[in-house]
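Listed after this line are the structures, all set down as structure tokens.
In the two complexes that follow, chain A is the common piece, with chain B as its partner first and chain C second.
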Partner chain A sequence: MSTAWVYQPNPKSLFKGMSNIFMALSRFFAAGGEQIARTLPLLAQACEEFAAADTAWPALAATLSAYAGAAETEQKQMGFEFNRLFVGPAPPIAPPYESVHLSAQRLVMQEQTVAVRRCYQAADLQATSQGAVPDDFIATELEFAAYLLSRALEENSAGNEGNSLHYVDFCATFLTEHPGCWVEPFAAAVNQNARHPVFPAVMQVLLTAIKTPLTIDII
Partner chain B sequence: MQSEKESKGFSISRRNFLKGTAAVGTTVGLLGVSTYGLKWLQPAQAQTEAKEEPIRSVCSPNCWQTCNHLVTVRDGKVVKSAPAPMPERTYDRICLRGLTHLQRVHHPERIKYPMKRAGERGEGKWEKISWEEAFNTIAEKFSQLRKQYGKQSIAIVGQSGNYGVLNGGYAGQYRFSGVLEAVHATGSVDTSLSTGFAAPMGTGIFDAYSNEPLDWVNARTIILWGSACAETQINEWHFIQEAKEKGARLVVIDPIYTATAQKADIWVNLRPASDTALALGLMREIMAQGMVDKDFLLHHTCAPFLVRSDDKQFARAEKKPLVWDTNSQSAKPHDSSGIVPELEGTHPINGVACTTAYSLLWDKVKDYTPQKVAELTEVPASMVVEVAHLLAANKPGGIKFGFGADRYHHANLLGQAMITLLGLTGNMGKSGNILGMAFYGFDPMIYNAGWLFPAGTFPAVLPLMRLQDTVIKQDPHPVKALYIMCSNLLVQTADRNKWLKEVWPKLEFVVAVDQFLNNTMDYADIILPAAHYYETEEPVLAGDVPYVLYRRQALEPLLEAKPDWEIYQGITTKMGLGQYFPEKLQASKEWFDMPILKQQGITFDKIRQEQAVRFLPNPYIPWKDGKFKTESGKLEFYLEKMAATAEELPVFKWPLEAGPDSKLAGKYPFVLLTRHEKFRIHSQYENQPWLRELNPEPVADLNPKDARAKGIADGEMVEVYNDRGHVVLKCRYNESIRPGVVHIQQGWWRYVAGHHQELTHAQFKEGIFNYSFFDVRVDFRKYAGGELH
Partner chain C sequence: MLAKHQHICPRNCYDTCSLISTTYNGVLLSVEGNPAHDYTKGKLCPKAMSDIQKVYSPSRIRYPMRQRHRFSGDWERISWDEALEQIARTILRLKRTHGSTLPLALNKYSGNFGALHNAMEALFSGIGPTTRAIGSPCWSAGVDAQTIDFGRFRCSSPLDMAHAKLIWLWGVNPAWTAIHQMPIIFDAMERGTTVVCFDTHLSATAARSHRFIQVRPGTDGLLALAMGKVLAEENLLDPDLPNYTLGYHDFLAYLDSEIRVERAATITGVEADTIRDLAREYGQTHPACIWAGFGLQRYTNGGQTLRAIDALGALAGHIGEKGGGVQYGHFETWKFSGLGHTEPSQAKANPVVGKNPSDRALNINKFAAAALACTEPPVRMLWLAGRNPLSQDADLHLWQKLMNQLEFIVVSDLFLTRSAAAADIFLPVTTHYEHWDLHASYWHYWVGVNEPAIAPVGESKSDLEIAWRVSAKLNELEPGSCTFPTSGSEKETLLRELSPELLRLLRLQSPKEILLQPLKANLPPASWAQRQFATPSGRFEFRSEKAVQAGFPALPSYSPPLSPPPEAPLRLLTPHHSSALNSQSYPPDTIPNGYTLYVNPELAESYGLNEGAPAEIANDLGAVRVRLAFDLSIPRDVVIVYQHPAELKDSCLNVLLRSHTTDMGTIATGAPGLALNETFVCLRRLTGSVQRLSPNP
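So, the complex of A and B:
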């Protein structure tokens, strides 16, 4: 079945803003709790910059900015909590891998991991540490979304509208079929167990970003 | 409002986007990843279609089955583990635990990065660090401690987590501690029974002294003594079942009605810790009824050796033990030609009364009548007689011991009694014999001890159970740091509260290496993620199969996990000692530089290609010539060296706590047994999902009569306790547990409160450094919450 759809208003702003937010989220999850003093301000900044173009983001940006300016001791506590939630060494509350949430046995490196790898391959990409780091690591999935939107923006700016739309559609479909399938239970686990309020705030950014429509269906 | 351009609609099938994007073509390769800020993604590399060729690996925890697996990997995922074909296909095996490696290798709870403690020990606050920082931190701390306190300020702690040569607890780890000249704290488990068993043969305690399992099918009588073989060693159980199908009689000696006992022809349900009394009773019956193998005793054992009454040593001439020659009516060296040795009797030699070892043995066992044994062991007298007659008359046969009976003080005397029984009945050196345990990895002929110490420096080897007091007293070594690997130390050793309350505070630095955050790693300062069996390539020590084994790598280590060998390389390189840890293939090749392999033309290339290569005759039946490795060449069940403690011959002594004579029996009327079951190898596999489906939580197995007497219902929470500590867990009514016993499966990492290893003690018998895990008295009560103890 075919679907006809159109750009959202201000597509360049949308693609740029969302790409930056996805990339900042990716860095937040990838760099780990020890780097939260560096990655949280970047995430707040990405939200702030996009806030100018979209009214959905100002409140989120403000919340994050408040935590980004926390004292060093609190940043440390955020780091410990980050590891408790996402890394370990104790069983993490919210493992940041798609297949852990969606596979029958709740393991890493399952069929969801391979499906994500196929998406990367379709864009002539592969995970940098393929085979060691699961392809469906949240940071990699978010980086991929950021990349696709960067490409959409680039093609749009060059006047290659068809190409641009392919990337937009690719990104929207990827977000729907992959992060969109698991970040809700992932975020719910964080929200129910987090011992620092910054993490529910980041989850709100994550869910908002994943759910932000990139196009408008007209049929 | 949308622009004209922007408002243009496009009809694209969303399901075709992959094809569409491929048509667009990407330029990331040309522009470079920096253009898009990519870090976790890169331009796709040319990839050949991965073949799903099964890779041969080895599962090598301490069930010592060393099952060879064929591991099929598809797209980085292990999709199948199956038995690999062995040179003798009858050895093809995999067990339930082995099948769960599909889950274990991809388990989301694996430790993924090196981490350092950020809060108090045990507080659970951790920071991720790089391997570089980990190596630097460890090397700097080790160097500082070595300089300040000496090289033995560092203790490398190992147990039995892996039989891999490079990455396991038995070879590479020794090399690491030898190069560092550190304390090497290991062992103290499974060593008492085997010490008594091996000494009369003159072998090491885990040498290749038994017939190989494929020959066990020729046995007529099989005694499994303290062995839950049907659950714990299914590779060997297969041969026992086959023997049984061919008509063998199976006797299982165990105080618990295990799955193994349920398959027995005779289940000997004995009182815990009374095993040696039973063994003496069996000997007494066989000797009293004249059922001994006299020819074997006279020519292949010390039975006719004359023992001096003054110093309890063999009477000797020209260093050779003397026997009484009935032809010449004089004492002659035991190996003189033309003599007919006397089995029983006393004769004066140079004015000293000398008695044959056989007569002295009779003196030790003669009082252990079936009736007396029945009183001591609670085994019916008729059953004692029946088992004795089976072993002596329904030959060939043998005894396979597990280590259930090893877990008591004085278990060495039981081992000595077992080997003496087998000597009395002549059940040795013949097809169909089982001699204690089949184990082929540690025998000097195939264990390359020279490989362990490339620097010409050595570790200070310390029995693990002496480590607690060594740290507390800083004597005989000033241990300030532990490097723990292949060991869940706080779960698999005794007296846990002593570790945490007295030992840990004395330690400046604790490094622990493992795949999961077990209960030991909770209390470490640095934790390092270890690779899984399937993620490594290396030689593997033979367990109960007579092959040299080699494991190939099936997939990349998950995230930042590393094989132990690479961790040694990283640490020692920072300490200027990296030259002793060469590239893994070179190190593997050097390991196989052994005469027994060269003589057979078995090269490293052949081993790496075939991965399982027989190095022993087929079938392997040791002692065929009746010559043992003692000085006399005979089975010396009379141990001269033990005369000083009156244990030159097997005698029965109740252990420290478990016997009815214990002064603790009134206060703590129950004996605690913590046996192996099929769900774990020690504490490995504890968190594996499939196994947890079958074995979801710790339980205290109690005989319903005992539980009801305390008003405890099935499923209620109980506190099991003694003066040392407590553990809280669910009560399970279990008719297979005899009254007076509390059973808890070993290997659980954590409980509602306390831990079963709080209940155990670390008292040892001098010279026999072995944990007596079952020699423990406890009581139990209903748990109402809180810290009751």
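So, the complex of A and C:
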């Protein structure tokens, strides 16, 4: 475990805010297009609550809030578009699985999936849908990042700085080695093909979250 | 943890391969042929080798989906409970409204040939008399022909072909569509067997044979009859014919009065001397085996063609000899219990159809027209399972009309097919790596269990699970509305599918023994070895009263295929490709961009078209864009498109297809087959504006 870095200023706020955003993003992808009316406001709220801690978030929060208040018919269209982009039944534009973007054959359940599963196992976790849903489903990866940061926050709050550092490092490494390796092409596919502007906005939130530094490198 | 599992390839294919999968911690890693299976012998075709891509394709549908407006592409993901609720409420409402369950239609065929997939038929039988697609798009005419001639649909073990001194591969292309037969054929060739391939063009199999006989499409029956005449003229008939056949004098009289070798040569395109040479070789070589493929019976005279070939085999005395016979397929191991719904007589007659006697039966090949014509009561709901009619059927304009007119459409499948795009509700199904099943082959004698290797992908469910759940929901909403079970164990259900007759054939004391490994049925390797036939007379019947009762000529006889109309002078043939099966493509995500039309270069030249040129084939039903490729072996009045689901990216080839049916099919499969090879088109050059061309003088 590397120790060549230190906390960002105000780590509790960072861990809490980023954990909430990752969790809200996870719910957005997990719940599906039919639940956008519920999950989009939660994502907007998570961004808004974190807006005070980081200047990158207020504009994102405002954009999402505008879409979160869309009329019911537009919400329906967002749902259809969500399925066209991520679910099907037509071949999805941007399959939300790491191995589809990184494996040679562009399939689900490949070596990347197993590598992600090993990360969960290292944290004594197992995806509840293991086997049916690939472990490298974007919602599961983001939920895992949220979990690691929530544990970092807990340990930090309890004064267990070593344990907290472990979770932060684990999260940063996981984000770099997994979502960080594929969400850019994933987001690019969405941005190029989306027929509703809410999806590029969510991609912006996703990329900003993945790229947000959790620590300061001291080397 | 590494684990091995046994499977059976469920595709509608001769080989019905025994597979071994390897998983690691629940992830499917590899699929191999079973080395202990004496037909698969550890080898797989490109289709099965692409199975992992199929299972783990990102295009595979993982959740039940509902489409807001048919063909709109506006899909929402719904829970299984929502889907089942909507399906069950629609069924019950239609039943109340019409006072009948006949408005409910099921159209299911061979997307997966596993016995447990008959759960869909059983579910519909449990609801009541319903409207059913019956028959087969594939082999009906030939099955009837063999049923008439032999009394029963059976063939020798494919391994028996190794004993032949002469093999005729007639209208079959195993190098592409039954690859496990090729080593048997090659081994025989190495031991001195002569292999002759009869086809309309130089197939991959023809290229590997000693001799290629090019036959004009739809004239194979006449060729067989002409060779029969030569056998009679040159005293090459089996002297034992009077002891085991019926009507051979009548048949010989027919040959004598109606068949002229020179005339046959003109019609079939096979020179008279060649016909005589072939007949002599066939009559003088023992054992000699004919493998009659499905392609040659996909004509309006297809049944008669098979009867003529059967008769040729009998005249020469090859029926019943070890390494001989006329091989086409069999039902001998399809002795499933029928999930408690199928009449035993039906199960024996046709493993594909499990229909209830009170059902409204519609020919699968004319389904759209027939369903549109139903009025008392009309068809209101359609469930498609293991079928893709908007890609594969004829009369697509009628299908489109039917789809627009129906009140409710359910499609259960793996991918968004052209037909699934019409669904109101889409239900995701499991692959054979995710469920239990039981399989027999229509070519070899093996029967085996398919076991799940991995958990169902996403929320997909097996057809059996879906049927249980629909029944459960129906009974929840209206107790007693469906007699199909509401729950159960797939494994226990498959064990119950082993009927006492099948247990006897497999020499099993208990059904559970089948779980250990695939088993080969205890059937004689050479069919009809005792020359005791299952016909009413107990003889091979050249003259058949059964045929007469079904409205066919008593004797095998020649009737010409359809002739092309002047405005569509080219016959379109659509054989199977080595890497695709009907609308299933392997690997599943490698669908070609558009169709390739194979033509004779002289034909292309006469239209002023170069190789690779864009063009269009058309008839009065529609038009399809193609790109030209040359094949010197294709006759000038024939064009070929190998089957590929290019319709997912372009227009659908079957817009050109009218539902001409085969002459036979009603006896064994319930309805005539599809005369797929009686499709005619014209060729057009694609320029700025489409123009129809006539060949240059």
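Couple of notes before you dig in:
Quick note on the criterion: the second predicted complex is superposed on the first by the 216 of 219 C-alpha atoms of A that agree within 3 Å, B and C clash if a C-alpha of one lies under 4 Å from a C-alpha of the other, contacts with A are read in each partner's own complex, and residues count from 1 in each chain.
One rule holds for everything that comes next: a residue touches a chain if its C-beta (ideal position, glycine included) is under 8 Å from a C-beta of that chain, and two chains touch if they have at least 3 such contacts.
All figures in this text were calculated on a predicted structure; none of them were measured in a lab.
Overlap between chain B and chain C is detected when the two structures are superposed via chain A.
In the superposition on chain A, A:Phe15 makes contact with neither chain B nor chain C. When both complexes are overlaid on chain A, the residue A:Trp182 reaches neither chain B nor chain C.
Looking at the shared chain after the overlay, A:Trp57 reaches neither chain B nor chain C.
More residues of chain A are in touch with B than with the other of chain B and chain C.
Of the two partner chains placed around the shared chain by superposition, chain B is the only one that A:Gln126 touches, whereas chain C remains out of contact. Contacts of A:Glu34 after superposition: both chain B and chain C are touched. For the superposition on chain A, the stretches of chain B under consideration are 40-48, 76-84, 328-336 or 346-354; the one running into chain C is 76-84. The contact surfaces that chain B and chain C form on chain A in the two complexes overlap at residues 32-34, 76, 79-80, 83-84, 87-92, 95, 97, 100, 105-110, 113-114, 117, 130-133. Chain A makes touch with chain C in their complex at residues 32-34, 76-77, 79-80, 83-84, 87-92, 95, 97, 100, 105-110, 113-114, 117, 130-133. The touching residues of chain C, counted against chain A in their complex, run 24-28, 52-53, 55-63, 65, 68, 73-78, 415-416, 420, 426, 454-459, 589. Partner chain A is touched in their complex by these residues of chain B: 1-2, 5-14, 17-18, 20-24, 26, 28-29, 36-45, 47, 75-78, 103, 106-109, 111-113, 115, 118-119, 124-129, 517, 521, 527, 555-560, 687, 689.
Those residues of chain A that touch chain B in the shared complex are 1-7, 9, 11, 23, 26-27, 30, 32-34, 76, 79-80, 83-84, 87-92, 95, 97, 100, 105-111, 113-114, 117-133, 137, 139-140, 143-144, 146-147, 150-151, 155, 161-163, 165-167, 169-170, 172-173, 218-219.
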